[in-house]
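There are structures below to look over.
Two complexes, one shared chain (chain A), two partners (chain B, chain C).
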Partner chain A sequence: MDKNIVFRAAAIIIFLVLPLLVKSNYLLGILIIIGLYTIIVIGLGILMGYAGQVSFGHAAFFGLGAYSVAVLSTAYRWPTFAALLAAVVVPGLLAALIGRPTLKLKELYLVLATLAFGILVHIFFNEAREITGGPSGLTGIPYLSLGGLVFDRDIKFYYLVWSTVLLISLGVNNLIHSRVGRALRAIRESEHAAETSGIDTASLKLQAFVFSAVLAGLAGGLYAYYVTFISPSPFGFHTSVLFVLMAVVGGLGTFWGPLLGTGLVVALGEILRWAVPLAIPGAGGEYQIIFFGVILVVIMIVKPEGLGSIIKFSKKSVEKGVR
Partner chain B sequence: MVDLSSQLLQLLFSGLTLGSIYALIALALVTTFNITGVLNLAQGEFVALGALLAASLFAAGLPLPLVFILTVAGVAILGGLVERSAIYPARGASSMTLIIITIGLSISLRGLALLVWGTDPLLLPAFSSGGPILIGGAAINPQSLWIFGLTAVTLAMLFAFFELTYLGKAVRACEINRTAARLVGINPGAMSLLAFAGSGAIGAAAGIFIAPLTLATYDMGFMLGVKGFVAAVIGGMNNVGGAVLGGFILGVLEIYSAGLVSSGLKDAVALLVLLAVLLIRPEGLVGVIAGRKV
Partner chain C sequence: MILEATGLSKYFGGVAAVSDVSFSVGEGEIFALIGPNGAGKTTVFNLITGLMSPDKGSVVFKGRSLIGMQPHRIAAAGVARTFQNLQLFGRMTVLENVMAGAYLRGKSGFLQSLARWPGSISEEKRIRQESLDLLSDVGLDSEADLPAAALPFGRQRLLEIARSMASGPRLMLLDEPAAGLNTAEAKELAGYLKRLREQGISMVLVEHDMETVMDVADRILVLNFGIQIAGGTPHEIQASPEVIKAYLGEDEQVA
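On to the complex of A and B.
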């Protein structure tokens, strides 16, 4: 337990000092993206690791958050807080709509529903030109401004995103050690046993799903403010699979899993972007995905609990919560 | 000037053509799902690999029947390899793990196709030459007739396999109750291998049938696989006859909405149908009508 606190304090210090050491905007940008994806993967990790469900449509919730901010802050001039609220509410409501009937059934139906939903939303981003600007997207998203503070530089955004990650991580950590967390774990171990013990499994799984969509929407809203220009391409099916990969690589149901998995997958993506064209001349970005596919298969066969489980003490702290 | 009824008839034929392909994919999906409990999201890639391999073999100068046999056998072997290398080692895992594995497989196989064949579409000529045939004022592409005929033959052969052969009966026993099948001495591991090899073969056949109409591309499999799911869900996931019927329903629905409303809708229709069925009647629309579960 003490070791855990030391570890977390060290992580917070690293988080505070890192941007001062990183001089390149490229690296700072990657750190911001890792932070944003980590928010999504934390939610997906709860859905997968605790509620035992998987979604192949989280890029759509991410995109819905981003488009909510983009549309509302440009065409309707909504202030930051209101636009971000919409970025959270819109995906949350849609998740409740899909999740409510499908989560009562066996697990594969949510997979199919999220898969279909993800592709449909992506088609919508491309086709609803009047709202979304079609394939060319939307530009001119204003800077995020909260209480007179304008986040117009990467370094400010870095602190905003990573403070959000920290707050969510701590909140989720508390949640997992609460009654709700124990109930969710019970569902993962055995849904029948959980139900017999009086846990409303369908309702809890729905809450976990909606919560994960809300986090994805929040990350999307922040993403739109960060890049100030959005198009449909980052919100396709491949991104959804990448989120699942990040959750799986880091390990499900661990404190460090989401950060670890996201960091590794984003770093690998960047390395592949350099390395693949050297190995296969004329290769485009599509080739990266082969590696991700193979890694996903290998991890699921060899170590389905993810690489995060290597960090023993964080897992122990989770187990402590059970008792 | 084409009048409305012949236009509707023509669209019906196009819809049934497309529906045949979906029916085959859905059939493979449902069979695999019921035997192994694995929802194979890589099924569409077998279709794409079949189309690509056939186009390459044909371009190499082989006669069409030989191309057909080699391709079906090749993708069946690949299906078996996929099962042994990725599904069998994880056979005890949760269905969430298995679904993630098949998604990973789907991406890997698509990547493999991209590495081997590149991004340019490949051409496979129609099985017979000659212009469209006029039936009731509607112009039917001869390839459509080939697809109808070959789908019917494939379905008849599968029916004979399931009903008349010992192995087929073992597969069906495994579909109905895996544990009981094991108790009477049926090896579920062998059945799983058979299911994936069979899925590869059926997928490859579907790919060869459709390639003359759509060209063969490395990324054609994903949406075809998703459509196969929609068809399977329409039919109810544990109903082979329903899945086939679901395929035809989806094909007709898609072509009518694309032909009469907007072609941009084509992919969206299938996904909307899937969501609607899942939200309203997840046990499948056909299940009630078709009755008997295989």
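On to the complex of A and C.
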């Protein structure tokens, strides 16, 4: 327990000091992206690790959040906070709508259904030119302003995003150790036993799905305010797969998993982008993907429970004196 | 009568797993379903708890039909069960298993749980205490913080009973609770079941351990190949030639 608090306190101190040490805007930008993706992966972790449902369509909710902000704050000139609220509500409502039939499906069928949903939404971003601007996207998104505070610089955005991550982590930590969290974990362990204990498994899975979509939408909305320009390309199938990858590499059902998984996958992508051309002159993007794949496969072989389990196990050994 | 099953039938691809089975369970009664493996006892449980729906017949609990109800609604109506092949929440602790079983006794929803609303904290305390009490009833309180999967088999059975009690049921369906227990443990279990009966909880017991059945059951129904072949008090059942035939085979002599 003590060790756990030390870890968390250290993480918060690092979070506060890091941008002061980071001199380059490029690195600060990466930290912001890691924060935004962590928000999504936390939600996906609840869905996959606790409710036991896989989604290969979460880039769609991410994109819907981003486009809600982009469309409403430019064409309709909504106040930025109202548009951010819409970025949460729109994906949430859509998840509630498609969740009921979709979550009845199991395993591969659920994967296919969420995948198809993701592709459909991506096509919508590309083709609904009047609303989304088509492949060229939307520009001129204003800076987010909350109660007089305008997030016009990366450093401000950094603190906003990571405070959000912190808040959500605390909430999710509460959730997991609550009546609802236990019920979600029970579904993962034995759906029959959960049902016959009186747990409405269908409804809880749907709530977890909507929650994860809401978080993805929030991240999308913040993303739009951060980059101030969006196009369909970051919201495609590839991104959905990356989210699942981050959740699994980090470790499902662990506190640190989303942060570690997201950090590693994003950092690895960036490192390979300059390291691979150094090692193999003239190598294209495909080479990066190969290295990416190999490294992740190695991690999954060495630590199949995910990176988050490293901290989890050391915590247990302190508590119980076992292992 | 708290439970009335009438003409229950369930077919799997033309094979009758359960065929025209009828029985009723009184308030505070321990009713045993016995019979050889494959006689359809677990199927009867699945039909009552809504995990399967019968092809024919009715199940009425406290005057209300359970047919077509979702399993979690049947649980909320007051029916709890255990599983023959243990369905514990293995990676959760012993205490968390019981607390998860107490889901129906709480109200906190998704948002209250996220925000740790004051109401949800006091509710959590109450459920924790009630769950600890249930664990001490079955003698598992000292193992409360172990992962459920780490318990020995016999203790896991007890945990499953404690978990199903946590929902506050009026009727318990116990699927082979004594399987894997040693003689002393089985005796303890029988004592616990009798105490539950004194609290007014009705039980349907599927069990192979005849010593336990004869000790605790008020009435017994014998199934063989999905068909009910005999019913009565433990005394009557022990003397029934059909039962002896079903258990020992037609042409064999009792050794």
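Just so we're on the same page, the second predicted complex is superposed on the first by the 279 of 323 C-alpha atoms of A that agree within 3 Å, B and C clash if a C-alpha of one lies under 4 Å from a C-alpha of the other, contacts with A are read in each partner's own complex, and residues count from 1 in each chain.
By our rule, a contact is a pair of C-beta atoms (placed from the backbone, for glycine too) under 8 Å apart; a residue touches a chain by one contact, two chains touch by 3 or more.
Since this is a predicted model, take the numbers as computed values, not measurements.
Legend: residue contacts after superposition of the two complexes on their common chain; A:Glu189 is shown touching chain C, with no touch to chain B. Once the two complexes are overlaid on the shared chain, A:Leu85 sits clear of chain B and of chain C alike. By the touch criterion defined above, A:Phe211 lies against chain C but remains apart from chain B after alignment on the C-alpha atoms of chain A.
A simple residue count on chain A separates chain B from chain C, and the partner touching more is B. Look at A:Ile30: by the touch rule set out above, it reaches neither chain B nor chain C. In the superposition on chain A, A:Ile199 makes contact with chain C only, while chain B stays out of contact range. By the touch criterion defined above, A:Val241 reaches chain B but does not reach chain C.
Shared contact residues on chain A (touching chain B in one structure, chain C in the other): none found.
By the touch rule above, chain A contacts chain C in their complex via residues 171-172, 174-175, 178-183, 185-186, 189-190, 192-201, 207, 211, 320. Contact residues of chain B toward chain A in the complex are 39, 41, 86, 89-90, 93-97, 99-101, 103-108, 110-112, 114-115, 119, 222, 226, 229-230, 233, 237, 264, 267-268, 271-272, 274-275, 278-280, 282. Of all the residues in chain C, the ones that touch chain A in their complex are 49, 51, 70-72, 74-76, 80-81, 83, 87-92, 96, 99-101, 103-104, 106, 108-110, 112-116, 120, 123-124, 127, 145, 163-164, 166-167.
Of all residues in chain A, those touching chain B in their complex are 48, 52-54, 56, 97-98, 101-102, 105, 107-109, 111-113, 115-117, 119-120, 123, 127, 237-238, 241, 244, 248, 280, 286-287, 289-290, 292-297, 300-301, 304.
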